[in-house]
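What follows is a set of structures to go through.
Common to both upcoming complexes is chain A, partnered first by chain B, then by chain C.
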Partner chain A sequence: MNIRLIKDKLAGSTMLILTLASVFLAILVGWGLYYKSLPLLEENSVWDLLSSSVWKPSKGEFGFFAFIMGTLWVTGIAIVIALPLCLLCAIFISEYAHPRLRKIVVPVVDLLSGIPPVVFGVWGVLFVVPLIEDYIAPVFVDYPMGYSVLAGGIVLGVMIFPLIISLLLEVFSAVPKEMRDASLSMGATQWQTVKFVLLRKSKPGIIVSVVLAVSRAFGETIAVLMVCGSVIMVPGSVFDPGYPLPALIANNYGEMLSAPEYESALLFAAFLLFVIIFLFNAISRIVLGRIKRKIE
Partner chain B sequence: MVFATVIIVGSFFLIVGTIVSKGFPALSWEMLSEIPSGDFYMGGEGGILNSILGSLYIAAGSSLLALIISVPIVIYINMYLKKSSWMGNLTRLGYDVLFGMPSIVYGAFGFTLMIYLGMRASLLGGIVTVTLLIIPIMVRTMDEVIRTVPKELFDASYSLGATRLETSRVVLKQVAPGILTAVLLAFGRGIGDVASVMFTAGFSNDIPKSLEDPASTLPLAVFNQLSSPVEEVQSRAYAAALVLTIVVLLISISARVLSKRLSKNKI
Partner chain C sequence: MTFETPHISVQNLNLYYGANHALKNINIDIPNKKVTSFIGPSGCGKTTLLKTFNRLHDSSLEVRVEGKVLLDGENIYDKNAEVTSIRKKMGLLSQRPFPLPMSIYDNIAYGPRIHGERDRHKLDEIVERHLKDVALWPEVKDRLKSPASRLSIGQQQRLCLARGLAVNPEIILGDEPTSALDPKSTQKIEELFIELKEKYTIVLVTHILRQARRVSDYVAFINNGEIIEFAPTEELLLNPKQKLTQEYVKGFVS
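Showing the complex of A and B:
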């Protein structure tokens, strides 16, 4: 056989092994976290762990309810803030804006996505927390606290702007130009075209974008940890402090080495994040891939 | 709509503005060129050179490692597999999912793995964990670039009798700017991430001398200093955040400019 062909085959099988190994990594991460959380799962039922809000590591009681609620509050606030703004911004960029303006806005959004989480956190501490403490919270509650789930939600909302916008722009560009032209030629205004053609046509894509943004928000750690207050309680209002799941891991992971049960509990939290984000991502990426293939 | 766009674009400038206005007064040459002294976190002398270098080591090491791993993967799924191959699609899906994984999951997994292997928090541990984190970014970015290569280029190479391996060299030359962008993006992500290196790289006041030494990173320095009760130390955190922001912005801007400039000569 020709030496060049042998080289080609050899390189091929090496690369195949590398590819398989890297895909296997995803499974390995999930399995590793599951394996480590087994000791905890053997002693408690999953339902008890998720629904109890008693967190006393020293007594071996691990209830994740408060942390799960903290995560849900922060994520919910972030989506409520980010989605309308991003939807309007994406419509503006893709339908209304002059190409020259688009060339300014899109790179700025890209740059925003490159800012490290810890810088968002510092911004949150310097700007968002005082803003809430001095101006927003005093209007609603008696003892205003800047470090709250609202602060976390605002910081997180700004953090997921770039992700949502880039996904939405991709979804909008999948709507054929002919459809818009048909609508406009029937005498519809630009806004009517957006409302009845663009948004209706891209509804599945918008839902998928939201799911992806939610899963990104779920896992964000440092920025949220810095502004949420880290008090173990189920938040009752947006001005209460919270303690999201990733923050729990980040805050305690270094010191848990002495207690195997504690480690198991924290890795169960990581496993929980892994499973939720894995499912969300896999499903929405498959749907997004379908949408893309339709146009091609 | 204009209002929404203004808010979003404005939030970027608001963040950068806040960091600059708070960080700039605390920034000094001493901060950039010295390692921290013993009571640095109580307001003592010193700088954050250890964190700056630690971050650079980790980001550079992991970018290099991730590049070596990702290029063959991207070549394999694009050149060796058919377009509709289920394996290629599964791999792409896998990387999309890994791309969405939060860095804290990588951090926790990496740390567990290190304990299992009997390793201590070290520069090497940090590099490996960050490599895991940025491989998905590289693979996804490069995959997108390679897909834009015209089919005719492949055909021309094949028709001259080149094997798939030889053709991939032609293709790699064609997408070199895209690969550079991917590396810079991954580098930027690697230098800014904290949750993944928090436990795996450890923390140290010295500049790491070998792969086994623990290394401090810039984001971790920001995080640690900010939680200090001393006001002077807090203002140093702002300055460190400013340094980090400048580095990351420079990298992402140059990634975009370079990819535009280099792709001018493309077919």
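Showing the complex of A and C:
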């Protein structure tokens, strides 16, 4: 056989193997976590684990509800803060900014993603927590506390800024210039063109960006851990402290002594994170398909 | 060549893409309610010239324009000129159809809506009238709510024409509007142009000399950013005066 045909076959099969390997790795991680949490699952029903918020490892009581809610609160707040700001920012950069300004701003935004999470955590402790404690929370609650899911959400929101912005810029650049021109040539203003054409056309891409950002935010550990209080309770408002799942694992894994059930519980927490992210991705894929069909 | 009341009058127009001098001292009068075609080799600046008429270069900031483009006697490059009302006067047809990401109905209603029309009955009427103008109504009247992207490419181009007409322009700008279409759809668009020149001034960029001959009253030959010759269609295509024009249309005449 011709040598270049052999090379072609070889390249194709190598890439296939690598692709399969990465898929296999994901399955392996999920299965490994599940396997490790089996001891816990044998003792307790899944429903009890998920719905209870009693956490007493010494007595063998493991309820994850508070941690799950902590994760959802922090991530939810982060997205609610970050998405509108990032949308406006990305629209400005892609549609309004002078090319020269764009060339300066984009790398600076990317630079933000290079800052280590722990630095964001320190910023949260030094700036965000006091800000909430002294100025924001007193307006709404009687016993203001800076360490809260709001602090975690703000820090996390700022951390996912660069990711969302660069994804959105990518999404916007995929909208053909001629489509904008079509709108402009009918006498639409730039803002009308953005609202009715750009955002409409970009809707699937915006959803994908949010999904990726949420998946990333779910797992963010150290910066959130530093500012959200690590109190085991179901947050009732944004000013309550919380205890997200990644913080639970990071704080306790390694110090759980030799209690096998405790280790199992922490790995079940990791398994939960894995499942939440998986479900979230799956659901958003379905939603995305629907939207795509509708606007095309 | 001059006209008594040109619809568009270009005076000493120069355009630069960065350091590239793309349009050189252009002077041309576009006659009212006639079809004027720009012909010339690829990259000669004919599309660039067309786009100066509705200031679509505004969004590319590397572009610098000097000189005047008078629309009904008013300079559209004047500092105080309001660009959206200028663009509203001109419908644009691009090389490939770009339907907006919405239904057939909403595509046509888009223009009137952005200019403030909210009355459903009026919108219904506008949509129907303009779809009839482009002979698309019988083909789509039962699926106005379906996405415009599901139409064939020829239908999409007629939809884009109707969409442009829905804001009541005075001028139609066509940038090689049939280059992506099959012969049958091309013929339909050409027939529409001949019909529409009763009511509109039409400016067409084309690389098909036969098309220029079929639809236009006047032809301008552009080469390397300059207007070489501007004359009535038959005269320019069959009996060109300039040497460059002669060379360009040579294949056509023989």
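The definition used in the following text is that the second predicted complex is superposed on the first by the 252 of 296 C-alpha atoms of A that agree within 3 Å, B and C clash if a C-alpha of one lies under 4 Å from a C-alpha of the other, contacts with A are read in each partner's own complex, and residues count from 1 in each chain.
In the analysis below, contacts are C-beta pairs under 8 Å (C-beta built on N, C-alpha and C of every residue); 3 or more make two chains touch, one makes a residue touch a chain.
Since this is a predicted model, take the numbers as computed values, not measurements.
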item	value
Partner chain(s) touched by A:96 [first = chain B, second = chain C, both, neither]	first
First (chain B), second (chain C), both or neither touched by A:192	second
First, second, both or neither for A:179, with chain B first and chain C second	second
Touching partner for A:118 - first (chain B), second (chain C), both, neither	first
Which superposed partner A:220 touches (first chain B, second chain C, both, neither)	first
Chain B versus chain C as contact partner of A:84, first or second or both or neither	first
Partner chain in contact with A:22 - chain B first, chain C second, else both or neither	first
Most chain A residues touched (candidates chain B, chain C)	B
Touching partner for A:11 - first (chain B), second (chain C), both, neither	first
Residues of chain B touching chain A in the complex	1-5, 7-9, 11-12, 14-15, 18-19, 22, 69, 72-73, 75-77, 80, 87, 89-91, 93-94, 96-109, 111-113, 115, 132, 135, 139, 163-166, 185, 188-189, 191-195, 198-199, 219, 222-223, 226, 237-238, 241, 244-245, 248-249, 251-253, 256
Chain A residues touching chain C - in the complex, by the definition given at the top	98-99, 176-189, 192, 196-197, 200-201, 294-296
Of all residues in chain C, those that touch chain A in their complex	54, 56, 59, 61-62, 84-88, 90-92, 94, 96, 98, 100-102, 110-111, 114-115, 147, 149-150, 160, 163-164, 166-167, 173
Complex contacts: residues of chain A adjacent to chain B	4-5, 7-8, 11-12, 14-16, 18-19, 22-23, 25-26, 29, 32-33, 36, 84-89, 91-93, 96-97, 105, 107-112, 114-123, 125-127, 158, 161, 165, 212, 215-216, 218-222, 226, 246, 249-250, 253-254, 257, 266-267, 270, 273-274, 277-278, 280-282, 285-286, 289
